[in-house]
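Structures given as structure tokens follow.
In the two complexes that follow, chain A is the common piece, with chain B as its partner first and chain C second.
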Partner chain A sequence: MKAITYLSLALLGAGAFAAPTYADPKADNEVMHEFFKKRFPNVEFAEFSNGVYAFDENAREQWLEIEDFPPYEDAVEHGQTLFETPFANGKSYADCFENGGLNIRQGYPKFDADSGQVVTLELAINECRTANGEEALPYGRGDIAAISAYMATTSAGEIINVVVPSDPKALAAYEAGKKLFYERRGQLNMACATCHVHSAGGQIRADILSPALGHTTHFPAYRFAVEDLVTIQHRYAGCNKQVRAKPFELQSEEYRNLEYYHAHMSNGLPVNGPGSRK
Partner chain B sequence: MANYKSNKLIALLFTALFITACSESGNDAAVSADPEAALKQLMHEAKEAQAHAHQLGFEWSNTQSILDEGQAAQKAGDHAKAHALYQEAKHQSVLAVEQANYANEHWQLLVPGK
Partner chain C sequence: MKKLIQLTTMALLLPVGLSSALANDRLAEGKEISFDRKKGNCLACHVMDDGQLPGYLGPPLMMMEARYPDREKLKAQIADPTIRNPATSMPPYGKHRMLTEDELDKVVDYVHSL
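After this line comes the complex of A and B, so read on.
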């Protein structure tokens, strides 16, 4: 009994010592939000959900015109049809998710304590399919993006609330995603943060660089360059290739952890997916 | 500030690496009596370095195509070209591994507020 007490005291002590090395997601957000508020003093917080359109006047006007006849409308409708069509076994997506899959986007990605893994909405969609005897959909674009985009529309205006529980595995996943975001990689030796934090608002070739804050609110997004809805991880792969780094597999542990960190950063912003972008 | 400092550091690191990489390039295949075997050995080294960079999550996106070009050149009998391409692929991956090690130590330099 005594030994156990000593042991647990020792463990507690070790925990207390180890604590400062753990990630502090809440403190991270405070620093990051302050950073961007200072950099873009004229941008209202909720406007960060609109990426470059929050501060690039010309692009914003064009974008607002486009949004009058959204290019993703058909894809979202298609996503709704897919979402509502029962599987061969009679079950449907609604059976796999809380609240029948509606109005839940704001909580994704989630940490799943049982598997010790980060679960993105697209991964959950495919897990729902395979659990019901259907084949998994290819990631990145197409049907998976359409279903995910439809689900996002049912969360329109809801405030992003990605939770990192105080479970060492969740914190480790968050920290791994954070690390990936700040590591310089590829032949051009650049990190996500090089472009989307330290150069946000600056220009690279014909593009104005968007701030990382608000990135995940409007995904899946319709990309004119692809002429399709794409998932956020499709975009990660594109940005990795831009700096000549070999992308990770879509829905790999690396990208899921990155998405966890990246989405958590936007806690407090409204969901506005799908967006439309160049 | 930290950002600027790290830029300088990484520039230094990469310059140093390029110098080492370039000074190495003369040795291996050139002194070998059997050019065919030397080329095979170099390709093997390039692939090993690529696998190492990949395993660390730092492979560069054009390494594989350089290796493929090297193999095509070798098949076509252009050993000099194949040699140069394998060498390039190997050096890329050596740099990528260094980059991974550097990132592992210094990634926090780009975190705002640090």
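After this line comes the complex of A and C, so read on.
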């Protein structure tokens, strides 16, 4: 086992990232976690939930000051109000989720065996609405991000545990997400991994590139650039556009599979959403 | 044909000062394309010349003529860096037509002059 891990690490170093013919999510995580621990030897594991603020002192100080007056506070309150307001039929979000929707963020996205699809928290929120005769909310930002952010706060500090069951369809979804993560796209020919694995810690213009490990822990996140709370898939679309690639639809099968792989990678880290980011 | 001969003759007759001014214009254009965020945007990853707010993913571009005596090798690196290093983060400016052939040549001349 050790030997395999080292071999994969060597591949990581060479940037080869050959996708195995079978999916082994657990081994993937071991390789990825080792890679980042080696690259950032001074960063404590749980700190990866804080993105670039885990290792860039200057950025961290500014961020901590901002977090004294969190820019997402109103949105979270609004999200809680929406979450607790019953639908026209008298039911509410609490009726759609296990544990009344509280303290469940750490298990999302989930694989749904019945539909054979990956279900993100935002998709589940909208499915709850339509099942109760309400209109689906637009994805990306606004009310959906507020509700999701409120739900995340009820999981604060819980350890992320995204499960890939040994169902061929679940493994295929995971594998598809992984492929998307490593596939070079757009005119600039860059994969998510180009920036957030191989170049993590490096600097593009004034931006320091965050490691992919820990990316999903603090979403939805308040982005100063957008002046709003955004979902993780809103960020995916932004990063796709940066390399002049056509983004996928929010909550498309592609992005849900990507989020599945991406979130699974952060298993073992604490939930700390919503976060605030540039 | 006749026109070409005329042009060549004119070029030969150009005073030295004027032709080097033309060369400087070309370098200035190459610089502009290299710095333009919508074109080369090389500063995103390279320290070069007097460019502001550079990134540091790639090595500083300096002493290029000494390091790339063969201009074609430099052009190949900018046109498609994945040939030399398949895992590179640098975009393939020629292969993906991010720059026209003319723009690419100007960038190469400019970078070669650094």
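Note that in this section the second predicted complex is superposed on the first by the 258 of 278 C-alpha atoms of A that agree within 3 Å, B and C clash if a C-alpha of one lies under 4 Å from a C-alpha of the other, contacts with A are read in each partner's own complex, and residues count from 1 in each chain.
The working rule: contacts are C-beta pairs under 8 Å (C-beta built on N, C-alpha and C of every residue); 3 or more make two chains touch, one makes a residue touch a chain.
It should be emphasised that the depicted structure is a prediction, and the values quoted were computed from it without experimental measurement.
*Asks:* For A:Q187, using the defined touch cut-off, is the partner it touches chain B, chain C, both, or neither? Pick first, second, both or neither.
*Replies:* The answer is both, since A:Q187 touches chain B and chain C.
*Asks:* Which chain makes contact with more of the residues of chain A, chain B or else chain C?
*Replies:* B
*Asks:* For A:N240 in the superposed arrangement: first (chain B), second (chain C), both or neither?
*Replies:* After superposing on A, A:N240 lies in contact with chain B but is clear of chain C.
*Asks:* Report for A:E254: first if it touches chain B alone, second if chain C alone, otherwise both or neither.
*Replies:* Once the two structures are laid over each other on A, A:E254 reaches chain B alone.
*Asks:* Just chain B (first), just chain C (second), both, or neither: which does A:I204 touch?
*Replies:* Touch partner of A:I204: chain C, not chain B.
*Asks:* One more residue to check, A:C195. First (chain B), second (chain C), both or neither?
*Replies:* After superposition on chain A, A:C195 lies in contact with chain C alone.
*Asks:* Need the overlap of the two footprints on chain A, from chain B and from chain C, as residue ranges.
*Replies:* Comparing the two interfaces on chain A, one with chain B and one with chain C, the shared residues are 187, 189, 194, 198.
*Asks:* Contact residues on chain A for chain B in the complex?
*Replies:* Going by the criterion above, the answer is residues 31-32, 35, 178-180, 182-187, 189, 191, 193-194, 197-198, 240-241, 244-248, 254.
*Asks:* What part of chain C is in contact with chain A in the complex they form?
*Replies:* Spelled out, the residues of chain C in touch with chain A are 43-45, 53-57, 82, 86-87, 89, 91-92, 96-98.
*Asks:* What residues on chain A touch chain C, complex-wise?
*Replies:* Within the complex, chain A touches chain C at residues 14-16, 187-190, 194-195, 198-199, 202-207.
*Asks:* List the residues on chain B that touch chain A in their complex, please.
*Replies:* These residues of chain B touch chain A: 3, 10, 14, 54, 57-64, 92, 96, 99-100, 102-103, 107-113.
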